[in-house]
Structures are given as structure tokens and as C-alpha cells.
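Before any comments, here is the structure.
Each chain gets a letter, A, B, C, D and E, in the order it is written, and its residues are counted from 1.
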Amino acid sequence: MRSGPVARIGWAVLLTVLYLFLLAPVIIVFIESFDTSTYLRFPPQGFSLEPYRQVFANPDFQAGLKVSAVTAATTTLLALLCGVPAALALTRLRFRGRGAVEAAFLSPLLVPNIVLGLALLILFAPIPLTDTYWGLILAHLGVTIPYVVRTVTAALAGADPRAEEAAATLGAGPFTVFRRVTLPAIRPGLFSGGIIAFLLSFDETVISLFVSGHTVRPLPVAVLQYVEYRSDPSIAALSVCLVLLSVVAVVLVERGLGLRRSLRP
Amino acid sequence: MADQPAAPARAGYLRLAGLTKVFPGEGGPQGAAVAGIDLEVAHGELLAVLGPSGCGKSTTLRMIAGLIEPSAGTVEVGGRDITRLPVHRRDMGVVFQSYALFPHLDVFRNVAFGLEMRKTAKSEVRTRVARALDLVRLGHLGDRRVSQLSGGQQQRVALARALVIEPAVLLLDEPLSNLDAQLRGAMRDEIRRIHDETGITTVFVTHDQREALSMADRVAVMNAGRVEQLGTPEEVYERPSGRFTAEFVGRANLLPGTVTATHGAGGGAGAEVAIPGLGTVRATGDAVTPEGRATVMLRPHRITLRAAGKADAGPRGTVLSAGYSGEVIGYRVRAAHDGPELEVEHPAGAGTAFGPGAEVLIGWDDAAPRLVADDGDPA
Amino acid sequence: MADQPAAPARAGYLRLAGLTKVFPGEGGPQGAAVAGIDLEVAHGELLAVLGPSGCGKSTTLRMIAGLIEPSAGTVEVGGRDITRLPVHRRDMGVVFQSYALFPHLDVFRNVAFGLEMRKTAKSEVRTRVARALDLVRLGHLGDRRVSQLSGGQQQRVALARALVIEPAVLLLDEPLSNLDAQLRGAMRDEIRRIHDETGITTVFVTHDQREALSMADRVAVMNAGRVEQLGTPEEVYERPSGRFTAEFVGRANLLPGTVTATHGAGGGAGAEVAIPGLGTVRATGDAVTPEGRATVMLRPHRITLRAAGKADAGPRGTVLSAGYSGEVIGYRVRAAHDGPELEVEHPAGAGTAFGPGAEVLIGWDDAAPRLVADDGDPA
Amino acid sequence: ASPDTADGNGDTTTITFMGFYGTFQDAFTEQVIKPFEDANPGIKVTYVPIQNSSEVLAKLRASTSRPAADVALMDSSVAPTANEEGLFARLDPELVPNLDRLVDEAASKDGFGPGLTLDSLSILYNTERVDTPPTSWNDLWDEEYRGRLAMPIADTRGVALIIALSQILGTDYQQDIDPAIDRLKELAPAVETWQPAPDVYTAVQSGEADIAVGWNARGQYYQDTSGGVVAPVLPEEGTVTQINTINLVNNSPRAEAAQKFIDYAISAEAQQAFDEAAYYAPVNKDTELAPEVRDRTTASAEQQARQIPVDWSWLTTRYTAWVDRIKQEVIGG
Amino acid sequence: MTTAVPTAPAPAAPPAGRLRRHRPVLLLLAPGALALLLTYALPLVWVVRMALNRPLDGGAILQTVTLSTFTDVLASSHYWNVIGQTLQLGVLTTVFTLLLSYPVALFLARTTSRWRSLLFALAVAPLLISSVARTFGWMAILGNQGVVNKTLLAIGVIDDPLRLANNMTGVVIASTEIYMPFAILAMLAGFGRLDPELERAAASLGAGRFAVLRRVVLPLTAPGVLTASLLVFVLSLSGYVTPRLIGGGRVFVLATEIYDEAMNSLNWPVAAVLSVLLLLLFGLVVAVHLWAQRVLEARFTGRGRSTS
């Protein structure tokens, strides 16, 4: 359909402005990350890679990175182990209360993280699971499983159940069908779900704030606490690193199931 | 064609007895999706299951394959009850409407899948897959990705995959419905050829009259979960048992009238029926109500129209509309002034064509009129 | 474009001149999606645009409607150039293939939409919508939700919505392709009836030969962005200008041979062509190459087969396969031993049927053979 | 989670110390822990950084049977609670001889952990952007500073400010703080931020705010690192001392090593090293600070003269209520 | 068709049979269900239990069953102020997020540009970027010395810095940006009915650009907008990082109060009560949403409307 040049240009300008708004913090953080001053100032006072060096030299960040990586990896693995079978049951089996079960599996998405964080603190503190790897992993598991269930469910819905039936008619038992037909078909979804779970866990801040401590302190908490005391370019540099991590994840997810299907709310 | 010398007298190899499926939460106006089907398919026979959308064809086929658990009834193959056998232990080749090829495997591996499940030796797998691919004329495409194949080729891979395991029974669910007209004709011949070469007992589901009639040894016409009629293509087309079959298998003028005389019995039965606007029509068949009423079926292409001279005798009519379609001209004709409206098909090109309003003489092939039980269930 | 007795002498009401569309980034092997179309549609005429998938039918229609901007060429209605007019200012009723009904409005509001855009008075909207709904026989369903309608009903709502604004031109894009066979026949008659009642100039796009031939006043056969032939249904079917039209509009045996004699000229031209296996065939038409070669078109249903006695003269053949489909039996016949393979269609039921292997005598209707220019572009 | 290497190989004992996060950690590790470890090869100190005293309290509560630390820092406004709950143990004067050498404010009356650092509330200002430096608490109300104030007072700083204001207004904070609260309410519209991020010192340095209240020690530290842009002022009316106490965690299996460490931390030697780096006033009478440093801490004679006395153990019971009042009446009002 | 059936005729599935049939379901659901029980259901029960305790001075907890903590909290005008600010933040953020996301979602739903994937990724990728990092970026943009004020001061548009940070304004601006990707995704998912053919149909019937937008696009996209509004509202009600870092200490929302009570005041019962209140607020919002969705859905399907 054709539209006048004024409308077209106006529309383009509006979209550009909106995209700029959306990307503003990332752009600014990127610019600031090369500054030479000891606190954030605009415009930047100079150009240096020193902030990046500081990030990698900071023992808190190093420790946080390790905690976050270990936690996210373990959480992802467990979330897949819990979420994939559930998604299978939800898409491939007929049983009474299926809708309710699905709602239950997705419902943690509707509970505020701050409440979940407090709840986990109250539950974990006496055990004591706070400030431990397992506490952190369990805490993250609750919020990542729904995402895995959702992406894998989407992948399963997209995979033709007829192919599974065909395999059965060709003599494949249920487990063989899963291994030889279902699994290859949902691999992109599994992959995307895993990446998203990893990133969610890696970036999780609020819940971690409650259940982590100084022995096991994940990176975002370390960053938040750092930001509460200092705002130097190294924190911008760290943010840029986190952004890059996300970009890598986005690319990987897009290669897998596709962003759109993976992130559907 | 004619009357089926092909249908062997052997007892049914595949037998369905009282096969029924009620889906949970169903049982509304229609009741069961499949409502007690009894059917025997002879060894080596090709049976078509023909019926409108939603009549339960796929459900029946899937119960045979073991993909749906029947609510009641049994499935037997070669005298063995397999009703409770899980899918992967039945020996059935299934070709799905959507083909359901494994997208992550190439053509060769798709076809080999069933043999691998049977732990067939590598070398034997190779030769048998090659043979199956040759059978469907895809010998050269073994290492193609499934996504690189055309619809017709995919269809043939699905067929090869089902055939290579040499199943006891081959089941096809509307295998041609995704193909375009051209390809469909070719695949029709192909499936029939393969069936004749392999001799595998085959059940195949379709809602396309043409497909069923041209391919099958026998046709089971289904409607609302039941088998309406089971017979050779010609039986089903020429001697439909009821209104549903008459109208679903080809087009039909169904003309109610009053029986004035009957004669003969069984296959040779016939009657004379007075039809308003058409006079008395001699028809074969014995479907006469106790009250002496009957419905006569006249296929549109068995009716002839001639330009009506003033003096000509015989039933007359007025052309309401004429539609040219190359091969034939389709007319709608009103018999007499207030008689029934008839559909008529004339070969086009040769002879005269009539425009709307033309007065015509209506005639028909003597063998054409056929009595049909009016089961009051129009298609 | 042959001679057009049916086309009225009035000047074109809708005129396309050099209409062309090249999609950005296109221009590959095929070049333009629409490659310079000249077409005139008379006031009140119903023109069918017939062609295979992807030939540019929709693109053409959308350029007429203003939904796609042409790369070149003009669109005129009633002598006024509207090529640059935005969609909503053109006065065209469009029926989309997917119907494109507004799901958030009920039937009445869907139909009323166009009138509301024209700020028609409330009371007038009411009467005109009611009239349009009556025209498509949906008068009783005004307050239904669109999702509660069957496919055929939705189709009729779309039609009413386009008609109610009394557009200068009505454009239909494969309006019947989503309907099942039964409904399709009925809607075909319906659209023709409505066209005859309203007299609105109509262009309608289809890839279904039968639809185009039976409904349209004239048919434009399109291929690869161009109009191959424009003519009445009969012209297009009986006297195709080239191989593409011959094969796309109906099925055809195309038999190459050597011209032994020609006679007549213009409409009365003819030739004798020697065809291996069939002998010498008299055909109408003048499509003869300078080298004296020609291609003869023989429609399958114009060929007759007879059981061949030992002594019978005339071309012979062997039946390769036979397919029953109720109305007709389709044969594949090999002429002589090494002659061309012929498709033949016989009316079923009456007369004899042949099984594979039968020896037959091949004959044809004298008026049937037709010379066709071999443009070397098989459908 | 608690390192339990005490019985590992007899010769090394590792004690866990919970201290504040940030620059405090840097200075304390460098000036106190390292020399201590050098002097006592058998003892290692692990520094567990925490955000604030509440966190220490929460952590210790959660780990009463197997304490998460052996030694912990705690603000004197919170410490009495921990003492009362039995989270901390009384010190053995035999093992901590330096207890005798403490200044009065730092000395513990009931035998629990003594003060480790003395600090006081001050006014911070940006020397580049403020023409007339503030000298008095009353200057905060000056029209000139309107909209340029950073007042992070929803914590101990607010409590200290109330006490200072009560002193100025001539009321007794143990009786009635309404006047002080009312005075703060007047200030509310002029405040730019109640919770500068990252913190006041940076906010003043960057110019996000020009005037702020903050702790003197960190203010002095930032004066150095900002090249004089940030300047702390100890107001002429005097100020309130804030004390961080160093405590022995109850049930610590390494109580002896822990008390050895505490003794060292409050020794004149450690105090001098640490305070010269971090600008706290020393708790040990014997500490001799370099004069230029001493003048910038509360230990200066001038400041000593103007100390506003505070009863922290009394205040413990009111602390939360006061903070709530600040939040609800001053900030939220 | 008289076939002797060797196996027993299948009676209505006996209990054992039912278990057998349901065993795969139970096996597949078990790990996930267990994990969610442990990490989600159980903690929530614990919070509710904690809310029935009483706080004692200095952070000790009296184990009891009483609603007095609830009544204390609800009697305090401060907490009503907190709830009010929470709602204010939620509503403002939701409105702005929807307004700014709608054009982007519409654009992404309709564009056929070959940059489509990239533009889509740019619009939703921030979702996967740590919100701490993004909030930090906004601190650098909105502050008195931030990018906006520095720029405007430099070009002389303003004399005094705009107060964009350390208040509700700043929190709303940053939150809007942070939740935009969520809104865009939710809208895109809900724009399924937005068939471009419908817009063309409307245009062919004489609808100009604006009429198409108002009469066709808006009603058709309403379900997507509704879903997005629920999502954003719910997310912004519980946002913690942004109010904390940009709120300047004067934006009190339930999330920050819960954190302060739990981690600084060590007042777990009050924190739990606030959490329960937040959950109730959520429940209310979700209920309203479901109702609105049903109403909207009825418009498309005609369900819930008696058709004569």
C-alpha cells in the first residue's frame, strides 16, 4: 500500500527515536567504558582500555564471574532435566488437568522475584542454604524451569508428532522414538531454552541478593554492590562485557529456535 | 474393471470387528467418531476407504495402526488379534497425509529407519533400501535432505519407508491430498503399480471419489463413523445402496416417484416409476418403499438433451443455465414446467449446445436409471 | 488474439496498458512478476484471469486495486487514469482469497464498513447492507460473528462487503479456492448470478480451468507475467494459440508431425499432418513451421477406441492402463508399437471397457484435431 | 561455608573476620591484617566483606551453632542487640591486654567487644561548585544550597544528625526528637537525593550534589583521591561520634587466636597504621598520629572539645523507630 | 463377522490400568514438579507463615499465629504511601511502555524488510542484558551531570539541570526502557490476527490511513496490547533494581521496602506481610486481566454474547 512521503518520513523518524531510546543505556555505557576519569562523567575525559583491565583485575568480579558461571551452568542443566520431560508430557500426552499442570509450571513467572527472593531466604536461612552454591542454584531453578518448559513446549509443538508416530509404526519403542526422532527435532528449541536459562541465571540479581552472601556472590550482585559505592568507568566496561555476553546469546538463540519463538511471553 | 475378478474369495486377512472410537469428552450430537465398523480385507487386496471430512476415516486407520486405542472392537491380522499390541510391535507400514518424514535424516536414512529398528544387518539394509528407492523411482536421491525434495518425491520417500519393512499391511492416509492435480494423477498410477508389484494388503483413505474408484479393488464408503456401502468401484458408483453414496460418489439427480410396476428380483430386479415431469421411467434395483414410492438416480452424463421440435414426443424441459468447461457442458434443466430440476452433462465441442431458455427433449440411456434407497440423509 | 465475437464493441471500461511489476531484488531468471500487460475489459463484462501459480495473476489484480504500485504502465477506469490514486480513493470492490473479513466485527458491520467510510447516513447503511446480504442470501445472519460462519458463508460476506459500495470494478482473487468441491460449484453459479444482476465490471483470478471457462465472458490466460491468449472460453479451449494454453486449459495430446498439405487461410485454414503411428491427420489451424512441421492437439475425450478385429484398417494401439472414475474411463494407449502415448477418455458405463493389453483401433472426431504453435514451453 | 581449617595441621589457625566492604577492606587488610599475620605466622585471617551491620547480625543469627565468623565488626548502634542475643562473647582481659589502654568512648562497659574505629558525621561539599563553604549544621538550610543537597539519612547518619540537631535546638534526644524531626522536614524540599547512587562521596565529586552529609573518615579519604574536589567539614557546633566495635563471636572454636587478633587491632601500632590510611580517630590512648592526619580526624583537640555525647546502648532500642520516622515523616512527607 | 476374541474384552479401565496409563505422565512430570515444589511452592508457603509471626525489637521473631503484623502494617500511613507509589510507578510505567512499544511492535509485525531479523533482535535483545547494566546506563544519562542535562546545558536550552533522576520521573523513564522489550514481545505474540490483508481490505473499502489504524489495526491488536500491559504492570510492580538506583531514596515501592525490611531492619515478618500484599495485588491485577481478556475474546468469537 502506498503512503505519502510525509507519513513515511514521520514514521521512520518515530521508529528511529524509539530505537535510540531503547538502546540509549547500552550506547552510553559503551561510550563511558573507555573513559579515563575516576568517576562517570559526560562527555568522557579521554580514551583508554584501563577500565577493562580493572574489570579483569578486580578479585570481586573474578570471583563473581566464577560463581555466576558455575551456578548458571548447573542451573541450566538441571532446568533442562526438569523442564524437558515436563514439556514432553504437556505436549505429547493427554491427561486430565493438563491445562492446570501447564499453568502451574508457568506460574512462577507471575510471582515477583522480590517475593520469591524473600521466600527463599526465609526457607533457606535456617537450613542453612543461604550463601551456598546449592542454595543459589535451587533459587535460580525455580525461575528458569518455566522458560525451559515454554521454549521446549514451543519446539515440541512445532515438531510434527506424526514423525514420532511414523517411527513407532516402523518399530521404534517410546524411548527410541524420543532419542531418534523427538530429540533431533527439538534440538534448536532445547538449545535456545538452555541459552535463555543460562542467561537468566547468569543475570539474576534480585533473588540472588537475598540468598547469596560473600562466600558465594554472583556477578550481578557484586556489580550492584559495587555500583552502590562507586561509579567508575570500570563498571561501564563490565556492563559492556555483560552486553557482549548477551549479544552472543542472542545470536545463538536466533540460530536455534529463533528469538521470536524462544522469548514469546 | 467390470465385476471384480480381482477380489479373491479368500477369507479376510485384515479383519475389523465392531471397531469403535468415542473420544473422551465427545459423544455429542454425533456420538462416536467411529461407530462399530466390521470390515474384512483380503490378502493382497487394495481397499479404499472413501468418505467426507470428519467421517472417521483417519480414526479407523489409526486404530488399525495402533496409534489410537479403540473404545471397543478388535483388529485382527492373519487371524491374530492385535488390538492390544503397541504400535511398534505391529507390523504395519503407514504413510501419513503429511508424509511425516524425519527432517534430520537424509532420504536413505529415512527409509532405513524401520530396518535399523529391526536390527537388520548393515549390508542387507543397504540392498533393501536401494531396492525400495528403486521401486519408487528415487534410486538416485538417497543422499538428499528431505527438505530438498518436492512434494511428490517426499510422498514417494514416505511410501518407500513404509514398504521397505515389508509390512503385513500397508496403510495410507490421504497420501495424495497434498499434491497438485498433475502429480496426483501420476502418483495414483504409481501406487497402484507398486501395490501390484508387491502384493501387500493395503488400506487407503481418501475423500476423493476419483482416487478411490480408479485405484482400489474395493471401496468402503464411510459416513458419520459407519460404513455405508462396501463394494467394487463400479458397484459403488453404478448401484449405490443409498442416497448418501449416490450423491457422495459422483453427482446424481435423485428423483422421487411412484412405483407403477415391479419385476424380477435380486440382481435382476427392476421397477417402473412415474416421475412428475419425466413420465414413467424403467429403473433397475429393488429399493421400493412399502408405500410404493421409490427414488430414481440418474447420473448427469447419462442424460441426453435434444432440440425439441413442436411435434416431438417424450419428456421436455427448459434449460435454466449452461456452463462450459471444455470437456463438458453442464446444464441445469427444469423438466416440464414444474417438474424436478435436473443436472445434465453433455460432451462439449461435438454437437449442439443450448443456451438458457432453450426448449429441449430429455432422454436417457436405458440402463442408467437406478433405484436408490432414500435414507433421508443427503450428503 | 484470434477473433472475438463475444467481446462487445464498446471501448474498454477498465484498461491496462503496459502494466509491469518488477519486485525489488527480483529480476532473476524470470525477470518481472508482471511483464507488460495490455488488457481491456468492457463495461459489465466478467473477465477471468487464468494461469498457473506464480504467473502474476494476483500481482496484476493488486495493481488494479492500487495495493501494489506498478513499475510501469497505466490503469484506466472509464477513461480516467488512476495509476497514482491511493487505494482508498479508487472505487473498487476487492474480494480477497482469504476473504480478509474483519474478525472483530459482526457480519453486518463488516458489510457496512465501506459505507461508513463513505459517511453514508445510518438509515441508508441499514437498507443497503440488508439488500447486499439478501443478494448473497445471508440476510438472516447479520449479527453473527465472522468466526461463526462456514467458509462459503464467509466468502459470501466478503462478496457482499465488496458489492455494497457499488464499486466501479469488482476484483476477485481466487475467491473459490478455499472452498470444498460441492460449495465451489454452488458459489460459481452464485457469483455469475450476482454479476448478471448487478452488471458490475468484474475481473476474477483463478488457476482453475473449469472455473474460468464456466463463469467468464472472456478468459485471459496468463503465463510468466504475460497474457498468452485472450478470448472466449470456447476459443481458449478449442483453439489454443500455443502449447502452454493447450496443456494448461484442459488435458491435451500434443502430437508433432510433418505437414503434407495445407489448405485455406485465416479461420478456415487447415493442414494434413503425418504423425508416426497415427497416419495422416486433418487438422484445422495454420500453425505450421517454415520447415513444414506442425503439432496437432487432440483432446483425450475426442478420441475413440474400438476393439480391433484382425482385419480392421486404421491406426491401432495397445491399452497400457485403464482407470475408472465413474463418469469416464481414462486410458493410456500406445499408438502402433513405437508411436506416441495417447491419453484417452471414454464415457464410462455405456459400451465396452478395455483392460490393459487390449488391442484397439484409434479414431477421433473429425473436427477435433487442431494445429497448435509449439512455443516450446510446456506447462 | 565456614572455613574450618583450625584443626587441619596444628600449626596454622585460620580465623574469619567479617568487616566492611570497599575501601575499608583495602586499608584494613593492608594496615592491620598483613602486619598481624607477619607477626603471628601461625594465624591466618580471612576477610569476609559485608555491607553493613544488619547483615552481620543476620549472618550470625543464621549460624549460631557453627558461627560464620570468629571476629566481626559491628556498629555500636547494633552491637548491643547482638550482645544481648548471645551472638558475641565477652573478651578475656588476659588475652586482650590493650583493653586497658582504650579511650573512654571505645571502652566496653560490660566486657563485650570494644570500639575499633571512631568516626564522626560531617558535611561534605564540592569545592569547585560551592562558593561559600558550609561551617555549621545550620548552613544546610541555606537557600544557596537548595536543590543541591544529598542527604543519605535513612540510616545511622540520620540518627546521628537528629542527635546533633537536638543539641543545637537545645532539646534532649532521649526525651523528645520532634523538634529535630520538624527541622529536618523543613529541609526536605531542598534535598536533591536521599539516596545518592553510587554514594554521597562520588555524588559530591561528580557534581550530582554539591552539599551532603557523610562520614568524616571517608570524606577525608575522598578529599585525597579527588584531588581536593570533595571536602569534609566538621561543623562548628560539634558532631556525633560513630563507633565500629570489634567483637568475638560466641562459640568460636578459635577464640584464643581471635582475641589475639582483636588485641592487635586495637593496639597503638595497628591503630596508627590504619588511621593514617583511613582517617579514623584512634581508640588506643597510646596512638601517636602524625599531626596533619590527626587534625583531619575526630581526634583533633578542637573536635574532642565539641564531641556530642551519645548513649549508643540506649539508642539501640530506638534506632529502628527513628529511622522509620525519618523515612516516613522526613523523606516520605 | 464372528471372531472369537482370545483376549478378555476390555472392560472400563480398572484402577490398576489407569495407573499404568498415567505412569508415563507422572514420571515425566515428577522432576519438574519436585523442583518447583522445593524452589517455589514451599518458599511461598513459608512467606505466608512468616507473615503470621510478630517481629520483636532488634529483629528477633516471635513464632505465633496472628494477623497483628498485617494490621500494624495496614494501620501505617507509610505503607499506604508505599502501596500508592508502587501502583503509581506501575501505572505510569505501563502506560509509557505501551505507548512507546506499540509503534515498534506494529512495525516489526508488518515489515518485510530484509533487516527484519536484525531490527527484531535490536528491539528485544535488551531483554537479555543485565538490568543492572542498563539501569547503570540510565544513571549516566539522567543525572544532574548526565548526558541529557550536560547536553541541554551546553547548548543553552536550560539553565538549571532538569530533575530527571533521583525521583519518580527517572524511575519511570528507566523502567519504561527496561520493560519495552517485554512489551514488544508480548504484543508481537498477540498480533496474530493482524493480517496485512485486512488493512488492504479496509483501504479498498475506502478507509484512509487513520481510519485503518483506528477501525482495524487498533481493535485487532487490542489482545496483544492487553497481554503486554499485564506483563509490564506485573513486572514494574515488583521492580527493585531501578527504584533503588535511580529513585534517589524517595521512591518507596513494595520491592525496596521488602528488601530493606528483610536485609537491613531484619524484620522478616513485616517483609513477609509486604510480600503477601504484593502477591495479593498481583492476583488482583491478573484477575482483572483475565476478565478483560474474556470480554475482548468474546468480541472475536461471539461467545458470551447471545446470538439470536
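Here, a contact is a pair of C-beta atoms (placed from the backbone, for glycine too) under 8 Å apart; a residue touches a chain by one contact, two chains touch by 3 or more.
Computed from a predicted model, the values in this text were never measured in an experiment.
Contacts with subunit A and subunit D are shared by E. Among the remaining chains, those touching subunit A and also subunit C are B, E. Seen from the C-alpha centroid of subunit C, the farthest chain centroid is that of D.
The two chains most heavily joined by C-beta contacts are A-E.
Centroids built from CA atoms put subunit E at 40 Å from subunit D.
The distance from the centre of subunit B to the centre of subunit C, each centre being the mean of the chain's C-alpha atoms, comes to 28 Å. Subunit B and subunit E have Cα centroids separated by 55 Å. Centres computed as Cα averages put subunit A at a distance of 16 Å from subunit E. Counting partner chains per residue, subunit A has residues 1, 3, 40-41, 227-228, 231 touching two or more of them.
In subunit C, 66-67, 86-87 are the positions where the chain touches two or more neighbouring chains simultaneously. With touch defined as above, residues shared between interfaces to two or more other chains in subunit E number as follows: 139, 145, 200, 203, 245, 263. For subunit D in complex with subunit E, the touching residues are 52, 54-55, 57-58, 61, 78, 81, 84-85, 147, 152, 154-155, 192-197, 206-209, 316-317, 320, 323-324, 327-328, 331-332. Touching subunit E in their complex are the following residues of subunit A: 1, 3, 7, 11, 14-15, 18-19, 21-29, 32, 40-43, 78, 81-83, 85-86, 88-89, 93, 95, 101, 104-105, 107-108, 110-116, 118-123, 138-139, 141-142, 145, 149, 174, 196, 199, 203, 205-206, 209-210, 220, 223-224, 227-228, 231, 235-236, 238-239, 242-243, 246-247, 249-250, 254, 259-260, 263-265. Note for the complex: subunit A touches subunit B at residues 94, 160, 162-163, 165-173, 176-177, 180-181, 184-185.
On the subunit B side of its complex with subunit A, the touching residues are 24, 65-67, 86-90, 92-94, 96, 98, 100-104, 113-114, 117-118, 158, 161-162, 165.
Contact residues on subunit E toward subunit D in their complex (touch as defined above): 57-60, 76-78, 81, 139, 143-145, 160, 163, 165-166, 244-250, 252, 263-267.
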